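Same chain, two partners: chain A is paired with chain B first, then with chain C.
On to the complex of A and B.
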């Protein structure tokens, strides 16, 4: 694994390295190098299998992180190639010419995160969100609970009757009132500090 | 109705001359008539007999919408064997009378559910299976899963649980039979009478409505 990373380092700049396990390493690269790195890995290093493409929304850094996970059957190791895409201009080069199966992941990422992959086949067709007219739902600034409550007619929940509280209120009304008021104040202070 | 349905579609003529034929899918493939509520039979005894007969042969549409579909095969096979109770799977909505919504229904599935339900013939009953059809269950805050099924289809029986076991389903069928025998399973009539309300709710969530309002 180390000799492999050294060989990659001679050709491309590696911004960050993360040894997750003996057989799993994540490398962060420049966005413009990634397609070249993947081509090199597939054609010369024997990483023939694209395991997945995944996206993470790092809203605090204003980027999307894309991870391409590839697997080598000869070495039995996984290699993750990470890159950051600008959140305001989310466009990435398509790799459907390397692995035809990548177009499904790219379609899904386009639908769920709005990251565009130009020239990827059928990338604009919806997979599950037919007729979606909001911001892509897996972005972190999308409030799913608010959307569901506004759209899907939520059923109001049942009332809960904690038997202990009910009996206390019946038997000792004043004491229970004081007790729960103190509890409420203490809990409020704890949350503030 | 979207432009997708309105526009003319040209299909190839199956006849020998080979000329193309213009088809208006909206008016030629679908029946435009609205559903009508069915009034009960003239005599009380006749109606009771009808209800009894309907309750004894419930044919279930083989349509698994969510994870609950995994509970349906053991129901039909040798261990729980619901054909003892006159319950039988059918492959097409035209032959079925019970529609089991088995688990969560995403918006994409809901569109197919509505089409299948409308293609079923009267008398038809809907059974909601699992918490997801009752209040959303664990998908209560999902962006793509409906919360309450009874806003979109008239539901006769809910079976609570996540997931309900086949025994619970059999109990649900018993309940459904009781309702049919008592003449209270009038979901299809309810759907026909309140069609506007149901359609408004359905169109609120299904945003690319590219099919006729009532297709059967």
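On to the complex of A and C.
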């Protein structure tokens, strides 16, 4: 694995390295190099299985992190190629010409995060959310609670339980009793004063 | 007769495009003149007995022959990945098991394994054995049901009923062990929920014998049946050249002669201590895949026997965890994988150091099988064979629209 990373380093700039396991390394690269890196890995290094493409929304840094995970059946190791896409201009080059299966991932990411992959087949067609007109729902700034409250209505006579409270009562009965008793006393005093 | 001739001419050479001239979107390139009156557009699903789960196929037919197929999913979307971002790690367990209904434990295992890796938790030895036992049991139940489903999709409904009954015997064992028949939530971070009940191994053995007997019957009734053979042989042939571009894994890849098995290639839990070899085929059609699945049920049965024999009889089954409701998992990212009945299943998990997961991405085998591959594979086939083809690719919609 170290030899491989050294070989990649001679050709491309690696911004960050994370050794997660012996058989899994995440490399952060420049956005403009990623398609070339993936082509090189597929054609010369034997990473011919595209495991998945995923996106993570780092709203606090104003970027999306895209992760391409590739696997080599000869060495049985995985390599995650990460890159950052600007949140205000979310566009990335498509890799459907390298792996036919990639078009589905790209279509989903376009729908769920709004990251565009120009030239990817049928990338503009809705995949899961037909008729969706809100912001892409897997972005961090999409408020699920607000959406649910606006879209669905409360039913008469229906009880809801806070899952956290139920679990606390089941798993840590004594601690939960003490905690809620303290809360009750503090609140009582606060209201009193 | 006329349709058959057209079918033969137009699909000649399309089932096995040569590797050099391989074009991933060959079916997309055919421009169909819909105003010519030659074609009919129909919706196959989302409510249809021949569709696995809730998904729809938009078909363009010429007579009975499929000329174009587009998959439509979204009928089962519950937003699992988004829900998990708003829940504490322990609260995600009732969610992850719902990502695949017939085989929920793989999801539980993967979520727990990813979490343990991020939080640097080493689980007890006996817990590893029990987890493997659980995974193989659920794999046996799932593959038995799929074998029955494959028979049902070609009109042999009785075999489907036998298979569902035998899956139910396995569900009885799960009920005894975990309290739940379908969703178990038995595999938790740090190990498993509790110890196996007394005499559990003997009761597992009894069910295994029943399933073995069923498989012997199925071999006679289904695999030598003239109708089943005539309809499934030569249907849905996947060329080995397609395996890597489409990310095909599991039985579907092994039927094409490629011996990829996560249990063997990247051994997890205690698979490196078990003796087994991936079973491969050559023909890569629906019949071959059904046959391999039957063989894999028998392989899983052998594995369960090995596990029960070699398993340490005593020891802790669960590591002590911090208060799971205020559990801050160190930041990092990882990918864990396991072999499910459908192929490679994986979880990509990102933690940002808080009590909530930053991102959980579920990689299911049917994602590429049902979306990219099925659209290509259905073209040129008879619409009546589509149900058999879908079962053979083991499409599982909740895995696609997490």
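We adopt the following convention: the second predicted complex is superposed on the first by the 153 of 193 C-alpha atoms of A that agree within 3 Å, B and C clash if a C-alpha of one lies under 4 Å from a C-alpha of the other, contacts with A are read in each partner's own complex, and residues count from 1 in each chain.
FYI, a residue touches a chain if its C-beta (ideal position, glycine included) is under 8 Å from a C-beta of that chain, and two chains touch if they have at least 3 such contacts.
Here the structure is a predicted model, which is why all the values come from computation and not from measurement.
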In the superposition, chain B vs chain C on chain A residues touched: C
Which of chain B and chain C A:151 touches, first, second, both or neither: first
First (chain B), second (chain C), both or neither touched by A:130: both
Chain B versus chain C as contact partner of A:24, first or second or both or neither: second
Which of chain B and chain C A:12 touches, first, second, both or neither: neither
Which superposed partner A:163 touches (first chain B, second chain C, both, neither): second
Common interface residues of chain A - those touching chain B in one complex and chain C in the other: 128-130, 137, 142, 144
Of all residues in chain B, those that touch chain A in their complex: 106-108, 111, 134-136, 140-148, 151, 201, 204-209
Complex contact set, residues of chain A against chain B: 128-133, 137, 142, 144-145, 147-149, 151-155, 157
Contact set on chain C toward chain A in their complex: 24-25, 28, 73-74, 77, 79, 81-83, 85-88, 90-91, 117, 244-247, 249, 260, 265-266, 323-325, 332-335, 337, 344, 346, 348, 350, 358-359, 361, 363, 367-368, 371-373, 401
Chain A to chain C touching residues, read off their complex: 18, 20-21, 23-24, 26, 48-52, 54, 56-57, 67, 69, 73, 76, 78, 80, 96, 99-101, 103-104, 121, 126-130, 137-138, 140, 142, 144, 163-164, 167-168, 171-172
